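Following this message is one structure expressed as structure tokens.
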Amino acid sequence: MNGFGYAVDALAAWLAGGEPGWIALTIAVLAVWVVPILLLVFPIAALGQILERKIAAAIQRRVGPSSAGLDGPLRFGFRVLLFFLPRARQDRIFAAFCNLRPVRSLLLVSRRLGLGQFVADGIKMLGKEDIVPTGADGIVFRLAPYLALAGAFLPFCVVPFGQHLVMLETEVAALFAIAVSGIVVVALKMAGWGSGSKWSLLGGMRAVAQLVSYEVPIGLAVGGVVLWCGTMDLHAIVGQQYEPGVFSLLGWNVVQSPFLATLAAVFFIAGLAECQRSPFDMAEAESELVSGFNTEYSGLRWGLFAMAEYTEMLLIGALLATLFFGGYQSPIGEEWIVGLPVWLEVPIHGAILGVKVVTVFLVMMWIRWTLPRFRVDQVMRLSWLVLVPMCLVSMFGLAVTLLAAGGTHAGEAFGRVASRPRPDLHWLGHLAAWAVPVAIGACLVVMAKKKHGQVHPALQRLTGGRS
Amino acid sequence: MTTDERPGNRADEQVHMAAVDEFLAWGKEHSLFYLLFATACCGIELMQAGGPRYDVDRLGMIPRATPRQADLMIVAGTITHKMAGRVRTLWEQMTEPRWVVSMGSCANSGGPFSKWSYSVLNGIDKYVPVDIYIPGCPPRPEALIDGVMALRERVKRYRTVGERDRTPYIVAGPEAPFGGHCKVPDFTAKKPDGGGGGSA
Amino acid sequence: MTIEASTPSGERMTLNMGPHHPATHGVLRIVVESDGEVVATCTPDHGYLHRSIEKIGECVEWPMFVPYTDRVDYVCAMNANLAYCIAAEKLLQSDPANTFVVPRRGECIRVLVAELNRISSHLVAVGAMAMDVGAYTPFLHGIAQREGVNDIFEKLCGQRLTYNYVTIGGVAYDLYDTAIDEIRRFLDQFEREMVRFNKLVTTNTIFRDRCASVATVSAAEAIAWGLVGPNLRGSGVDFDLRRDEPYGIYGELGVQVPVGQAFAGRKGSVGDAYDRYVVRLLEILESIRLCRAVLELLPPAAAKANDPIGGWQADVGKQVKRPPKGEVHVRTEAPRGEMGYFLVSDGTKALFRVRCRTGSFTAAGIFHHVMRGIFLADVVAVIGSFDIVVPEIDR
Amino acid sequence: MILAWIHDVVEAVQSCVSGMRTTGRFLVENLRGEGGAMSATREYPEQPAEVVGDRQRGHLVNDADRCIVCHACDTVCPVDCFKMDGERDGDNKMRASRFDIDLSKCIYCGLCVRACPTDSLSMTRTFEMDPQHEGKRFLFRRNSKQVDVRFDAPEMERLHALAAQPREALSAEDRAWLDARIDDRGQHLIGIYGLGFFTPEQKAEADAAREAKKKAKDAAAAAAKAKAAAAAAAAAPKPASVPAPAAGATPAAPAAPPAAPGAPPATKSGPDAASGGSPTP
């Protein structure tokens, strides 16, 4: 065991045909680390942009990008493949190919869906003039987008994509993920400062203030899970959420306790803030700071920032799924997957995680095209006066639940042995763990509504209520 | 940048470069981000064009607030003498390749203010090179899309790898009129980068 | 224009918001001196859209100035046309020889199109404010609903934005055949859509908290600074020219005037940005009601359809060639508040002086007063809540 | 205080969820295609433009046959977008020998259409500047440098012909000819509707013809007068040798049709809503 996880070890051993040397190990590490990113994260992040525009269009009741299909890249492919033919022949062959009925309908559909849009955007950005503004600090300005991308990609190392597919297995995975994604703060600050523009500076400052503030609720939310599970190893946390039988959904952290559900919500909201998504997009607020920290960025560098943002959204989704929603486990029983051969099991687990991640991704987009933006002070207030107290209360509640539960789960989480099994509650205990906090909360909410819940009649009239 | 004097083979005669160029042009054509730049009446129609009814996002056009990320400046509305220099600055802050569409009578020729007004610039083409003029006061969003389609024809012929093509183009002419027949004024004599002011 | 210099320690930062900035609704430049995120001083710089429209009024003949009034306030061009035409009619009628009256059907159509245009103008206002605050979708929904009004106006007079429809003495064309049905249908559909719009933004807590207690203008301040229209009413002053100095047939309609009442609840105060915003929404509802009322009052069409009503081909056309001497000031209630025209005639074909008073001008005047000490992010919300249209300021 | 805090949180969650329900309903409606009339996207270049109403102000055209060059439009136009010139034809009616409408200046206010006594001015329903549909009289290049540059049909043909060849292949003369005619600042969608002479030479020619006609008429009148006087004086029966003054003047008059040679009568077929789907080549 080299500490790189099962997949790396197995691959390296297979490559070397015995005890792996460093070459085999390197190849295996690269293969196992890079392949998931390339296959899972990168395409989704790229497609995310077109998805976002399509969803925005649907919400705004329009069509969305529908002029760029796949015909452009396809034509380019033909040109490259048939380089030995004259252009006219290439054109004729391409036209003939496109007129094949399935191809034609496929191209039409791709055009309607705007599938080529991100290709078009990408190659346009490649072709744009490369500008470093006069007042900018060249090195800092150029470095920032790559750092942002690195900060967004690196935490994926510790996210378990499947039972056998974790790039970096470490006992402090959760801490690692939070710590490494902190690079983004530096990157945004560098972008803001290095641009030499006031709007960028303001955007960078806002980004730093916001990101640093929201590290706290994120850390506390993860801390709550760690408290519950007794480990920081993300893979072990996934293992903790294993529940035998068809109702494996019941093993997920989010249904274990209302406090964990609260923490999931807090994690999601703070995650939105971490990836600078609306309603927390003050750092690039288009209507206030022209484009925030990336005001001066053009072309590919700006594209890298956008890519980093989408990757970070995926990261938040992956962490949310891992910590609270059972990771790569299916909600309808896990045994039927675990029994499969490895080559079948790994993609199925990956797909399940992917579905969860994309769901979070879509909800983030939905939110973006619905809600207005917070103001700077409101963002801070939300973090320190709402989310952090909620986290603290939840952690307290979790601790009380743990104390009350007393007993421990006798079983062994599948795949890996948890360092401390999760508390084993009787079903009555589960019921109590839900009922008591929910009842208290509901009472408080009713009281609060009674005291403060009046709405102005004019507003009621506007929203179709009684006038 | 004028590269008329550059030695070497014509880019479009080199097969691979031409293929790359074609691909790049396809990308540019379908991804014209426009600068959110509305001065007057035409700005409202520009908004309507971005709205659900006309939806220029269909054509891959989304508004960008900062000129750095925009490919296309739609001069929508009256440009006064006080504003003209700012338009020029914005144009200089845009990165190549960049395009300018003059929307509406005011930007075309001063329009209603060409005769009597002392403060209105008679035609934005005195300050920035205009690719497409769209008549109307204000033009309908469909007319704007019409002009954008004409611009896309022009973008398609733009060569990234080879020479800069800023030749005039007649919408209703034959297939490729006036290709390479035009003197290009040196609009880039000043350093294209206006410096860190953002869009201030 | 003078801008205070930065403090020597350099702690203040001067930001040029505009003339091209996504939130300035055109080409307004606001020089903001900020201490971090907090605005220290704020100086609007005007003139980037000064098109000398008032001067043009002294050069062209009376009817030829009507297209220019379209461009004074292009978001509510009908109202701008109407204000000028009423002023010109009053000046013409000051000559006892001129005895024309605007036909009643013409008056009704004028009020109808003015109220429809008020709806579309307020839609831009509330939508753009939502966009400034960061919600893009409501803006596009406002724009989409606006298309309904645009369609009606396009059928009515052939243009979508600059109508030149109201003429001196009447309106340019009669209603088209299916107009009444279409307007009714639009109003019904629009009323339903507005409920969803309000659910989307108006009652949203984030939006409300962004606007509550921001840039509060008390009633006394609003009057002292000369605010007009919804900005004035947002501060709780119950004043509307349509009700208090009715022109046209407004007197018969019984206009109900919404005023600001601290709609944001315990977080807000009377006269804040949220009040101004909600007052606009309530005015939209009122306009819907007025449109329906006018459609009830509308007298039947003349025998010949598609004719101009009053105005161009009537004898008014000849009278404007030999106008009387004199001066007149008429004020009307446009969406952005009082729109007044002051006309001086020396008896020649062209007016001697044209001055217009517009709502955005005074609203821009109060900027530096209300924007002190607010957040940078609030600046755009404040601009949106005052609903300025730059050519109204610069003209 | 805690209650206020709880209320704020609950209210925020409620309002955000209600907003998201609204947008979610929008999304579902849109995907189902029941967005309603206000939001149906018109995919313009693929589908023809939907222009509503018959009072559309697309752009301005003049039916030259009906124009009497009364300058009513010119008087009422706030922006001076007309340039016109008239002459009398054989029936002693005013006809436009030149009528240019500068569509880049025109503000489409419709004042001229209302003022026109013969209804010769009208607004088209189409808004697309497609000279192909307007006959060859649509002068579609103009910018601030080229206010008065006008091209006739043969000139346009030459332009296109030269443009089809690479610049290197052109003779120096052709190149100079092109450079003089193409503004280097960009292309133009705006146009001028015009009819009449397209070059100063043609104008001079027409003027000369008119002068000559006038002179001939005067001379004929003078001759007739002299003849009549002589006849009266002589009282001799020589009726055949007296050319009737009217007969002499009328056939000479229509010799100068207002349009330039080679150009078909202007804009008659133009204003129809002919240009449908294809906006540009």
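The letters A, B, C and D name the chains in turn, as written, and every chain counts its residues from 1.
The criterion applied here is as follows: a residue touches a chain if its C-beta (ideal position, glycine included) is under 8 Å from a C-beta of that chain, and two chains touch if they have at least 3 such contacts.
Being a predicted model, the structure only gives us computed values, none of them experimental.
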Min distance from chain CA centroid to global CA centroid: chain B
Counting contact pairs per chain pair, which pair wins? B-D
Distance between the centres, which are taken as Cα means, of chain D and chain B, whole angstrom: 25
Once you find the CA centre of chain C and the CA centre of chain D, what distance in Å lies between them? 35
Distance-wise, how many Å sit between the C-alpha centres of chain B and chain C, to the nearest whole number? 32
Find every residue in chain C that makes contact with two or more other chains and list them. 15, 21-22, 56, 60, 67-68, 70, 137, 140-141, 144, 147, 162, 199-201, 203-204, 206
Contacts with two or more other chains, residues of chain D listed in rising order: 11, 16, 19, 22-23, 26, 35-36, 38-39, 41, 43, 78, 107-109
Junction residues of chain A, two or more chains touched: 57, 59-63, 66, 198-199, 286-287, 290, 369-371, 452
Could you classify the connectivity of these chains, where an edge means two chains touch, as line, ring, star, complete or other? complete
Chain A-facing residues of chain D, complex: 2-7, 9-11, 16, 19-20, 22-24, 26-27, 29-31, 35-36, 39, 41, 43
Of all residues in chain A, those that touch chain D in their complex: 55, 57-63, 66, 366-367, 369-371, 385-386, 444-445, 447-449, 451-453
Listed in rising order, the residues of chain D that touch chain B in the complex are 35, 38-45, 49, 59, 78-80, 102-109, 127-132, 140-145, 159-160, 162-164, 166-167, 175, 178-179, 182-191, 279-281
Within the complex, chain A is touched by chain B residues 15-16, 18-20, 22-24, 26-31, 51-52, 55, 57-60, 62, 64-66, 68-69, 71, 95-97, 160, 192-193, 195-200
Can you list the chain C residues touching chain A in their complex? 13, 15, 21-23, 36-37, 130-137, 140-141, 144, 194-195, 198-204, 206-207, 209-210, 258, 261-263, 265-266, 278, 281-282, 285, 375-380
